[in-house]
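Worksheet for the structure shown next.
Letters A, B, C and D mark the chains as written, and numbering starts fresh at 1 in each.
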Amino acid sequence: MSSEQFVQYLISGLTQGSIYALVGLGFTIIYAVTRIINFAQGEFVMLGGMLSFVLANSVGIPLVPALILSVLIAAAVGAIMYVLAIRPARRASVVSLIIITIGAAIFIRGIAGQIWGKDYVRPPYFTGEEPISFLGANIHPQALWIIGTTLVATIAVHLFLSYTMVGKALKACAINPSAASLVGINTRTMGLIAFVLAAITGAIGGVVMAPLTITSYGVGIMVALKGFVAASIGGFRSPIAAVIGGILLGIIEAFAVAINWGPFTSDYKDAIALIVLLLILLIRSGKLAEEERTG
Amino acid sequence: MSESVILETKGLTKAFGGLVAVDKVDLSIEAGKITAIIGPNGAGKTTLFNLITGVYPVSSGQIYFQGGLLNNVPAHKRASMGIVRTFQHVHLFGNMTVLENVMSGRHPRSSYGFFEAALRLPKARREEEAISLNAIKYLNLVGLGTHAEHDALSLPLGQQKLLAVARAMATEPRLILLDEPGAGLNTSEKRQLSDLIRNIREMGISVVLVEHDMPLVMGLAEWVIVLDSGQKIAEGTASQVQKDPKVIAAYLGEEVE
Amino acid sequence: MRNYLKYAVVLVLVAALLALGGISCSEEEVIKEGDTYKIGALFSVSGPYSPLGEPEKQTMEMMEARINEAGGINGHLLNIIVYDDESDTTKADILATRLIEQDKVLAIVGPTASGTSMSAVLVADDKHVPLVACAASEPIVNDEEGNEREWTFMTPQSSNQAARAIFGYLQEELNISKVAILTDKAGFGVLGVAALEAEAPKYGITIVAKQTFDNVNDKDMTPQLNIIENASPAAEAIICWGTSPGPAIITKNWHDKQMGIPLIQSHGSLSNTYLQLSGDAANGVMLPSGKFWVANQLTDDDPQKAVLLDYIADFEALYGQGKANTYGGHAYDALSMVTMALGEMENGLTISEARTDIRDYIQNITGFVGTGGTFNMSPENHHGLTDDALVMVQVVDGKWTWLE
Amino acid sequence: MLAGLKSKWAYLAAAALLVFLILIPFDWFLGRYTTIMIFIGIHTIVTVGLCLLMGYTGQVSLGQAAFFGMGAYISAILSKTYDVNPWLAMLIAAVMTGAFAYIIGYPIFRLKGNYLAMATLGLGMIIYILFIQLAQFTGGPEGMSGIPYLSIGGFVFNTSFRRYFLVWFFCLAVLLISQNIVSSRAGRALRAVHGSESAAESIGINVTQFKVKVLVLSAVYASLAGSLFVHHLRFVSPQPFDFLASVKLVVMAVIGGLASIWGAIFGAGTTHILSDELLLRFGEWDVIIYGLILMLVMIFMPEGLFVKLKEVFERLRLRYRRRGAEP
């Protein structure tokens, strides 16, 4: 394939991958701190996108404040979800907790559908829609916004975890909850922070991707599944790994289409991504088993 | 090797990454005797058990059971060969009754599977009959006969430990490894335990126990092996090892704390 | 203790014997003067197909209210029972059965999607209840042997009709003979592929590239477009088959790539949502359309003009500017045919007789002008929509314009 | 004959349940629920498998719908496309699905807990994608119709009244078989694996092998249910076997109390009656309320509604007893 097409596929993969990455990031943060797989993660993305549309187009707030407000509201929803649905169910099993998050997802989605209707919507582009030519490939400006934002968000999260008190406390919980609580870290507060953080990253993802990818009340579940795969490829351990997993997933899918031969076609790209996930899980199985025992 | 030796290790070594938990240990356990393995914390006693029962693969060296090489025998097969162990942290099956716990110990001594069970074929009923009869026998051996229908975890710790022994005995072992059976028991419970262990020995079963409680060990063990930081530093009769300067040195390290 | 079990076993045998009788529930209640007519409706109000199901449901509620305000049908008030199948085929089966056996409806309108329609169709056909589906696929009206099903009808234009409209235009107006197709992996797109492949040869058109997209997951179809660009022999036009949001994204990707070959969307993209989603990028895109979207451009002698303008006006008065779309129109056509049948029905029939009566009436409807086109039903044709129902339209400055 | 039923009361209870089940489909009783009951029966069969796998052996599966779907599709394809006798097709489907479970079992059970959940979820989705993409066999996303009814000799199961008895015959058979298994040597082995894998190994239980065996069993159950499913609907499409379907199955198992065979009926029952009966009157809000109930049940009774109810019943009985005892 020609070089500019290679670039085209790469950019396309990066754009898709960035979205997966931001969702996977949220999955990982929550999982690391609370050992919960939060399938409501996609709903934060949905909220980000729908809210930015409603606020910017329907209510008519200027774009930037509208975006910020959307993220804040989503964060609030994340907090409420943790306090009302997750915290009371600490004694529940892995499975029960997964079901709770799915219940929450169904609930949030249903409410959104009731309030905003079932139709697909597209919030305004951040900066127009005239494609930018780059190494012979045409790139939509919004795609650059998506990739850029993901980069910034990832770095921000990384810095937050490594250089702030709260961040370090979160890390401590992730490594060893019981020890963390021994040294006086309130694991429940940490859980709350984790959910808010995850909601924020998710909503940011929703906000930047919605103009390009189009959104509706129902996009959450599929976004969640993809982000979940991304996080799994990243091993649910470090945020960075999750982001890499997401980008990888996006690029695999883009080039799976590009190869366009045998099973490597647009038909099977989802399956290919999942097979990669399984292989990674099985290769790392020994190590994972250890983690399960210790963690 | 002499017939009277039931278990033997040659240069047995286990390393976790850099840390060597068991270091070139040569043991030979006399058949039909009560042997105690003692040593300060982190001496590698439990790791030794885990190697003998196949929880961990050995890093190097050999384990022989009744003259046969044991290294590559999968853990679950060792029980039917006659090696069984109990755990420091009891590890009872919480989702079963006391009796069912012991019945599950009959697993290697029975054979019927899903199919026979599903249709309750005669074979299943016959074996099930035998299984429960045997289980009750071993339950009575440890004196828990009256608690058969209780939930395993509803018992006090002392009885839980006895139950664990009954479950292990139900597999009809030739060699039973007891990991700190005395820990957390009060004096009367300990007396009960020692009687039980002597009983088991009388049945011609070789007993190896890891124990911290010196009086208990000295009262029971006919042979004592001392480990320190993964190495065998001494062995002999109780009175011999007590006098051994290396042993005292090793323990002094502990008494201080 | 065994004997207790023996009792149970005996009971099972007894019941099994009874089962041999296979008692079937018969509707013998008679509909008297002034009774309300019960009509069932089954739509995907939630789940992936809800963007289609919602306006269908709204249309039903609008018409029910209108008819009852006007005193009902020959003094019979209309009671429309609407259920949400959640785009779930299992649920569609349960709810269709419920409408028939529990609610004892005279006829069923819907379901929304071809999948849910199939499970409902099999139930209706089995229990002899007329069903007018708002989805179009062959098996809804024809059984495996290709015979017309006795009890089921459908109102939307079929994918084959759309394909014929497109190919006809490509051949005559643009004399294009090589096309690439890019279709939704899910139901609607699959129908599209089948239709396109079946119709293309008849117009001497060859399909030089076939790509699919995942309507929920794919956020960028540039990779697929790249493949199409590289196809040899080169494609002279791209035909895309799907419902929102995929086609809108493709339109944008197509615009960003500046591929220089025309993009043709299917009738699945005929909605203001599509225009809103794809913005300026949509300009120049061509689609096969019912006259719905060009209603105001129709000449006054076109019988559909009045029907369409009325429906759109009524719907948007209730549910908001620019909300009316063809999906609601399908429900309108379906319910209209049912109510026409009810209008001609005399009193004193049992429920099962009434159902037969409605079926017989609908399958003999001719010249009924609906939002989708003119219907000429017959026992051999339970679709009845003629090809002239579809015209080609083009997006010009964000508006649908008729390519006469 | 039947393990677990010890007292004569247990026998009477079983007989009563049986009589009730037999009467349901008659119009003068609860006939209008026949269709829902058919699906309850079908889902109960799958749920029992999940209970054995999750509740007794402690292994998570978020991909059970894949086995359900394999049974459905293999039955559909063989009996429709290749005119194989439906009963034979059903058998082949069960064998193939079981074999598939056996093959994936060994690698997948190198994983535990959450990672096992991820892997099973991934597998489930891969199978689902295959249902869509292998269109030349499966009919693709549009699915395939025209699947024949089951029949014995001349007796065709062509009314829901008849299919009701067919489904519940299989359902009860599966329940009895499972009841026998859990109270057997194999059942103890499974529970031992759940209780403590190292202890199980130490008394000679081949942990991995038993995990695989129970996975195979649950897969065979799911396959059987899938076959009954398609011969009832006579139409199959991928949608009933997607990720959400797997979740619904797990929900049924959890509500029924993971470690309780007969709870499965209750789990499948409440879930269906809730979403196909009670919630209908809430119109558009049904989905929202469903989500809410899901959360509440899991938060306040994570061990399942059925188990909770049993506790309450026990407590009441004891109080009653005590009253009786007082002079």
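Note that in this section a contact is a pair of C-beta atoms (placed from the backbone, for glycine too) under 8 Å apart; a residue touches a chain by one contact, two chains touch by 3 or more.
The structure displayed is predicted, hence computed values, not measured ones.
Comparing the CA-atom centres of all chains against that of subunit A, the greatest distance is found for B. The most central chain, judged by the distance from its Cα centroid to the centroid of all protein Cα atoms shown, is D. We define each chain's centre as the mean of its Cα atoms; on that basis subunit A and subunit D are separated by 33 Å.
The centroid of the Cα atoms in subunit C and the matching centroid in subunit D are 34 Å apart. Centre-to-centre, using mean CA coordinates, subunit B is 41 Å away from subunit D. In subunit C, the residues touching two or more other chains are 45-46, 185.
Residue positions of subunit D with contacts to 2 or more other chains are 1-2, 284, 287.
Pairs of chains in mutual contact: A-C, A-D, B-D, C-D. Those residues of subunit A that touch subunit D in the shared complex are 31, 35, 37, 85, 88-89, 91-100, 102-111, 113-114, 221, 225, 228-229, 232, 236, 267-268, 270-271, 274-275, 277-278, 281-282, 285-286, 288-289, 292. Remark: subunit C residues 1-2, 4-5, 7-8, 11-12, 14-16, 18-20, 22-25, 45-46, 82-84, 86-91, 93-95, 97-98, 101-102, 114-115, 118-119, 122, 137, 139, 143-144, 185-187, 190-191 touch subunit D in the complex. Of all the residues in subunit B, the ones that touch subunit D in their complex are 53-55, 74-80, 84-85, 87, 91-96, 100, 103-108, 110, 112-114, 116-120, 124, 127-128, 131, 167-168, 170-171. On the subunit D side of its complex with subunit A, the touching residues are 54, 60, 62, 107-108, 110-115, 117-119, 121-123, 125-126, 129-130, 133, 243-244, 247, 250-251, 254, 258, 284-285, 287-288, 290-295, 298-300, 302. For subunit A in complex with subunit C, the residues that touch the partner chain are 1, 5, 8-9, 11-12, 15-16, 19, 110, 113, 117-122, 129, 131, 138-140, 143, 209, 212-214, 216, 218-219, 222, 226, 254, 257-258, 260, 265-267, 270.
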